[in-house]
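Following this message is one structure expressed as structure tokens.
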Amino acid sequence: MIPVLFVALAAILVVSSLLVILHRNPVTSALFLVLAFCSLAGIYLLLRAEFIGMVQVIVYAGAIMVLFLFVIMYLNLGHDVEGGVAIAVRRGVGWVLGAVLVVEGALLLGRGWATGPVTPGGATPPGGNTQAIGLLLYSRYLFPFEITSMVLLVAMVGAIVIARGRGPSAPAPPAPAPPAGAPAPAPEERA
Amino acid sequence: MTGLWIIPALPLAAVALNLLLGDRLGRRGVAWLACGSVGLAFAVAVRAVFNLAQLPADQRVLTETVATWMRVGDFTADFGFLLDPLSAVMALVVTGVGFLIHVYSTGYMGHDASYRRFFLYLNLFMFAMLTLVLADNFLLLFVGWEGVGLCSYLLIGFWYQRPAAAEAGKKAFVVNRIGDFGFLLGMFTLFAFGGTLNFERLFAAAPHVFPYAGPVITFAALALFVGATGKSAQIPLYVWLPDAMEGPTPVSALIHAATMVTAGVYMVARCHVLFQLAPVALETVAVIGAATALFAATIGLAQNDIKRVLAYSTVSQLGYMFMACGVGAFGAGIFHLMTHAFFKALLFLGAGSVIHALSDEQDLRRMGGLAWRLPWTHATMLIATLAIAGIPPFAGFFSKDEILAGAFASGHRGVWLAGVVGAVITAFYMFRLYILCFRGPSRLSHEAEHHLHESPPSMIAPLVALAGLAIAGGWIGLPMQPGGHLLERWLAPVFEGGAGAAARPALARGTEIALMVISVAAGLIGILVAFRVYLDRPTTATALATRFAGLRRLLEHKYWIDEVYDAAIVRPFAALAGWFWRFWDEKIVDGTVNGVATTFEGVSAVLRLFQTGFVGTYALFFTIGVAALLLHFLRH
Amino acid sequence: MIPLPWLLLLSAVVFAIGVVGVLVRRNALVIFMSIELMLNAANLAFVAFASAMESLDGQIIVFFVMTVAAAEVAVGLAIIVNLFRLRETVFVDEINLLKG
Amino acid sequence: MIEFPWLSWLVFFPLAGAVLLAFMPADADRLIRRWALTVAIAEVAFSLPLWWRLEPVRPGWQFAERHEWLPGLGASYHLGIDGISMLLVLLTTVLTAVAVLGAFSAVEKRGREFYALLLALETGMLGTFLSLDLLLFYVFWEAMLIPMYLLIGVWGGPRRVYAAVKFFLYTMAGSVLMLVAILWLYFHHRAATGVASFDLDALYALPLPGAMQGWLFLAFAFAFAIKVPMFPFHTWLPDAHVEAPTAGSVILAAVLLKMGTYGFLRFAIPLFPIASAHYTPWIVALALIGIIYGALVAMVQPDLKKLVAYSSVSHLGFCMLGLYAMNPQGFAGAMLQMLNHGVSTGALFLLVGVIYERRHSRLITEFGGLWKPLPVYASVFLVVMLSSIGLPGTNGFVSEFLILLGAFRTQPVWAVIAASGVILSAVYMLWMFQRVMFGPVTHAENENLKDLSLRERLVFAPLLILIFWMGVMPQPFLDRVQPALDRTLELAAQRAELGRRLAEFPAPAGPAATAAAAAVGPPGSRP
Amino acid sequence: MIPMPDLLPVDGWALGAGVALAVGAMLLLLLEFFPVRAGSSRGAIVSLLTLAVAGAAVFHVRDARRLLFGGMFVHDGFTVFFTLLFCAIAAVAVMLSWDYIKRTRINQAEYYALLLSATLGMVIMAASNDLITIFLGLELMSLALYVLVGFRRGQLESNEAALKYFLLGAFASGFLLYGIAMLYGATGTTGLDAMAAFLAGSPLTRNPLFIAGALLLLTGFGFKVAAVPFHMWTPDAYEGAPTSVTAFMSAGAKAAGFAALLRVVLKVLAAAHTDWAPLLTWIAILTMTVGNVTALLQTNLKRMLAYSSIAHAGYVLVAVVAGGTDGASAALFYLAVYSFMNLGAFGIVCLLGKGPDERVLLGDLAGLGFRHPMLGLAMTVFMLSLGGIPPTAGFMGKLYVFSVALKAGLVPLVIVGVLNSVVSIFYYLRVTIAMYMEEPRGEPVAIAWGAPAALALVVTLGLTLWWGIAAHGLLGLAQRSVLGLL
């Protein structure tokens, strides 16, 4: 059962991923990305990583993709116009490189590999996956957890700084660069 | 202390004073300083020679080491002076003739703006020349050797505003340098194998160090002789001397007739020990000398510039001296050197007097009939001409006869014959000069006629003095005395040490007389023909000239030797130099250097093309990088 | 259990698709989405390894990665929005003021 | 009692002077000039007692100073002097003073910076000659490039930037490989003895097998050959000289080029005697080519400075020949040639500078008949020229003679070829002199040129004195330098012997040696 | 349940830097509740104080060795060295920003908050002993930098730079993360010590998972330090960013990248050094050569310095290739030296910027050397130092790097390196040519000398010269700092 499910989910994942990068319409791409994330969440569940599966749905498929869609809508983007020799060349090279990477990875792994040590039962602790993760997060992973908070803070601040409306320092978009001989900033601003 | 150093120091002091006091000296002061220093040097030299003569014959060597010049490892060179009979003769000739010419110059250069500079150079020359003759080692000799070359350069180019003079000065220096190249190599060889450059020590050691006729000594002797050919204007390096006539005439007299050009002869004579160890070299000296004597004489036949005729005659006479040395008659060579100094200086000074009188006219074709209008000059010139033609009892006869006798005696019949023929030609062209200048109708330009005047006493007095010497100077070499003549005996201590000295065969008295007759006859024939051609039937000259037009042109153009040298050496070198610079240096060597820079800039420009500004490109290269790294590990 | 190689292969394929997406697309937003695909491929690998080794560490790492991804998205989208405001384009091949 | 750090004082006094200069008002021209001259002359005064105080015969370094510098690396601040460096130090101080005085009227703008750089350059040069620690030597060697580069680049002629950059890059390209060799030597020393040291004495004491010397020598030789400069690494020189301001040319010719030959004498030959001997034919061949080639190319130069520059190539070829004669005469000759070339070529550049100031041209064709308006100038020029072509009685003769003599004793053919350079030097110099000084005045503007001023006469006076002094009485110089030269020869011979013995009975190679041996080859080639 | 280890007082100091930086950043944001006038320097002052406190805290316990948070955070000489370095870099950057951001009208509290956050990210990268925290630290730093690069959001160049930096940075993060995943798979851990212990006990260095993982990890770090071929973002991002940010990131981000790279390489890859050395050798060669050669023809000063910073990454990589404590200490030494000379150079560019795009072309420098002698002198020293000419710190840095490489037997690499430094001299000289050898065009530019910027230049100049003459202090520090690492 599980393998069948896995194959199905994997197929959805691969196909939707492909469509993300193939489809001309960014909105469609985004929706396929949501699909891909959801199928990934399914795979996580199959791998008995319930917590991660849930978070995947909530954070990724939910929050992140909503943000994407919001931006796409906000920018009111239509179909990507993709034509011309340069793009064709780039596309060809891109696909070839992607194939090369996969083949190389496969060849490398085909040489026989091993994973690290197995800690029997480590993944199925008493009290369930989520509780165990919670405990770990606040004990062993306290330090990265704290860093994460800073990361989020920075992202927040950064997003606001960059995307906030026209502040005093933002010239009217898409204003051409002022002429070279523009007057120097007012003296009091130069301190 | 023998005080030998004072002799060269005197003119040097004059140079220094001249430089220090500058124009404050005034003309008279300059003249007094210059002549006085040389006169004093002469006096000191006479005293020194007198002292030398006091010594027993086999100890007649005065040496004095003033200071060590340089001492590096086993190499030492001193400021050391040596007075032996040979250098005594030279010192006396140099200071004596030099003094006369200094006196003469006070008159001759009387109106020149650079009066002071002239005497500065002249005194400097005296210093160098005296250093040359009094040096007790090769290196100090070389100092004088190059020093006289320098002064020669400066004095030839004295009238520097004349391009020809400047050119001639440079030519003289460069050709001399070629000779010096040989001299240097000779010195190196001698030191490398002989271990010293000191004359006495080297000559004493030479027979033990250098195997007779061995390659080393042959090389050394030949190399030294190359130096001599440069300084003494022998084939193939004689070309500078005729051009050197661009200098003021007293200079020609002093440097390019009496003293400097004989330095080569002196050097060969000084090194007779070495040359006698190298028969091949000695033979070369003889052959080159004979060839030059004959060759230069033929050129002298067709020259119209009075000084150039004299210059070629100098070359020719120097050839005689080398001829003497080459056949082992070193004493005869020195003898001729001395007499030649007298009569050739006289000839030049006389010519100078003529030129002076004719307002700087030097072309024989525009002279003539001056005999009675410049009586003193004429008389003295005639004496000198007779002397060079080898007519007894004038000085030249004795010395030239001795050379020819020496050549004959040593079995060099070819050399002897060349000498005789040369004597005929010499007599002919010298009298051609005499006739064209002093006899026959006047061909003077109106201008020259107008200013014509006999020279001032300061010029005439040296002429007279030299005329006296040109007559009597040879008498110390009166032949057929037991044990050699006076000069021979005087020089004997120097020359008898050599390996070849003993081998010199004595001539039977009859042969000697016969040779003498031949020699005199040669001179007379030349004179008579000259009179016949140029005075009695002036048309003959033109007739001959048209008849042998090709030969005449050949001689007039000096066998085109200058042109040959120019085409064979000067031009190829200049072309090579230009090619080195324009092509090799700029294109290849520097081109490579700049090419490296250009290559880098080209690569830079290409690399910049990759930096397209597109994120896609950057990601592409990123991915290619990753793929390449993976590939690297796949391969291993 | 799902064999680890299958999972790894899947992860690799998704990663490669993400890479290809970055390389072939010109829309900055789609490129960004492709990058998200790459991150998810990595996440899949983490979870797969964690599952194979019966360890929880991998899952926790995924949690952190998601946080980071969210943060990146915030900043990235802000930049893209600003880009669009300034130039009215999100096509990266129209943006090369800076080059050479 | 603490010895007064005389050498450090010597090295850094000009730098201090330069720093003070930098604080002077930029427009106080007189003050700046006077101060610069005072510093330069004071430096001469400080260095002059070395002439007497140095005991030539005493082995080892004198007035040595040694302090830890980078203890972690084993580099020390080690200064010391022997006869060789003493003469070069004096040459440097005297020529710098002369150059400063000579620049008074030539430098019209930014005089403050000019003199400051000139003095800083002096520090660099003195440091190079006095350093006994290879790292310190290298630091001075490279640091000295900066002021020279700026001197050429800022105050130079129309193509000054090209010339300055070429000078800098060319020299640097050579010296970085020397740095690699220095470091290699350092590690070898550490591996062999366990002591980390850049000290010259320590490295002198370290025997090197012949096989190891090869590329080390080449790296050193390359750096020095560029500086000398030897054919075919010489093309930076004409460019640098032509473009440099007069004082820069003077220092460049007089002192900087000597660093190359000094490097051979102090480092390349004694440190790597076996390789040195092995490459002797090549080096001598290049030196001989340089002698002839430099002279020939000089002959056809239309620009006076370029002519003098190429003549330097020729003269320095003699220097190299003397060194590689490897005998006392050759060494002594080469040493004297360094000084002589410094004096006479320095004077030549000053002379060209004098005329350039008056006419703003250096083209030979622009002149002719200068003797008439400028008799004193012409006379000085004459003397200097004679010194340059090695006329006996002037300094040039002594050194060329000794070099040729030394070369002849080693290999007569060398001397034969080199001596032909003596002819060529006369050709190009006299021809130039003829075209510039003799003949009628061909350009009207040359009629009324001013002859040497008093200041200019003062500039040339010391040089003329040196020309004659070293020509007539070279012995005081020889006495001071010969013991050191002999020791160098001896050292080279000893080290060659030790190296050969080492090759016969190889000691276990140090770790660095094996590692380095393994690493030679393209980095990716190892499995 | 993993018990929390007891925190000792020393740990408080050790963590003090991180805490101070985080608190400082937040404080800056909070202070915005109390508005000040536009030209205020409050942000800068608070930042400086924060950095001072952070530095002082770590300095206070500089000799302590602590392993915290289950071994994820390590306080050792290496950490101390880099923390101090980052604080110093940030402090110099703050001083350079002081007037610059007022002039360019980006004087906002967020600027300094982000700058401190980025510094915090760097500190974390250096102090981390776990791939996850390294990754997080890197992301923290990167996110802050993306924003800082695009801080002049009205400016096309700034935005473009941010976009490129961001897209490529995220792309690289993907590779990095995938690499961490592989390593995790191969060893079952992300902790460096555990990983090293695991590898030591098994012949697994040839494990394809491990190899692929390490390789992708290198790729990610290679991006951060701008190693070829992962360098292409550098010139664009450096050119577009506000110059003060360029200065900061060219020194700080690179040093942080190397800090993480060094820790990983020395701990994890040391056992397989021979496998990796050839690879790194080629990357080093490419990085030096491409960086230097491409810089040759640049006319924009910032862009030129960007390429130069690529080349300098190559020199540090030489030290990394040499490996061992020697290599590490050389890398540390070089990074410190490089940071200050580069900050100085960019600092001068900061001062010279004019026009809306703050662009400084080589031609704009014409005559600068004589109009502003001290500025010219400083720039000359920085350029020569970057070129590795004695007596400057750059020379000592190169000397040390090449000497350890030579000691490790990397003769060809060293030769390539020194030849590269010759090539680099060419474009560094171009700056001096412009300053001293070209006649100025147009009106002389009045340069607004702020005291903070002047102080920053004095500090960087002083250090550049001091370490060029007396490098032993820094040398000893660098050598001691890596002792505990292995």
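As written, the chains take the letters A, B, C, D and E, and residue 1 is the first residue of each chain.
Following the convention adopted for this analysis, a contact is a pair of C-beta atoms (placed from the backbone, for glycine too) under 8 Å apart; a residue touches a chain by one contact, two chains touch by 3 or more.
All figures in this text were calculated on a predicted structure; none of them were measured in a lab.
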Touching both subunit A and subunit C (chains): B, E
Per-chain Cα centre nearest the global Cα centre, belonging to chain: D
Pair of chains whose C-beta contact count is the highest in the structure: A-C
Most widely separated chain from subunit C, with each centre as the mean of CA atoms: B
Centroid comparison with subunit A (C-alpha atoms), farthest chain: B
Subunit C-subunit D separation of Cα centroids, rounded to whole Å: 63
Chain centre separation in whole Å, for subunit E relative to subunit B (CA means): 79
Distance from the mean Cα position of subunit B to that of subunit A, given in whole angstrom: 99
Multi-chain contact residues (two or more partners), subunit B: 597, 608, 611, 613, 615-616, 619-620, 623-624, 626, 630, 633, 636
Multi-partner residues of subunit E (each touching 2 or more other chains): 132, 136, 139, 143, 146-147, 150, 153-154, 156, 162-164, 167, 171, 175, 184-185, 188-189, 211-212, 235-236, 278, 426
Of all residues in subunit D, the ones touching two or more other chains: 169
Contacting chain pairs - touch in the sense defined above: A-B, A-C, A-E, B-C, B-D, B-E, C-E, D-E
Residues of subunit B defined as touching subunit A within the complex: 616, 620, 623-624, 626-627, 630-631, 633-634
In the complex with subunit B, residue positions of subunit E that touch it: 163-164, 167-168, 171-172, 175, 211-212, 215-216, 218-219, 222-223, 228-230, 232-233, 235-236, 275, 278-279, 290, 293-297, 423, 426
Interface residues, subunit E side, partner subunit A - complex: 1-4, 22, 25-26, 29, 38-39, 41, 68-70, 72-73, 99, 102-106, 108, 110, 113-114, 117, 120-121, 124, 130, 132-133, 136-137, 139-140, 143-144, 146-147, 150-154, 156, 162, 184-189, 198, 204, 207-209, 211-212, 354-357, 448, 450
Complex interface listing, subunit C residues touching subunit A: 1-2, 4-10, 12-21, 23-27, 29-30, 32-34, 36-37, 40, 43-44, 47-57, 59-60, 62-64, 66-75, 77-82, 84-88, 90-91, 93
In the complex with subunit E, residue positions of subunit D that touch it: 22, 68-73, 110, 113, 135, 138-140, 142-143, 145-146, 149-150, 153-154, 160-161, 164-165, 168-169, 172-173, 176-177, 179-180, 183-184, 186-187, 512, 514-526
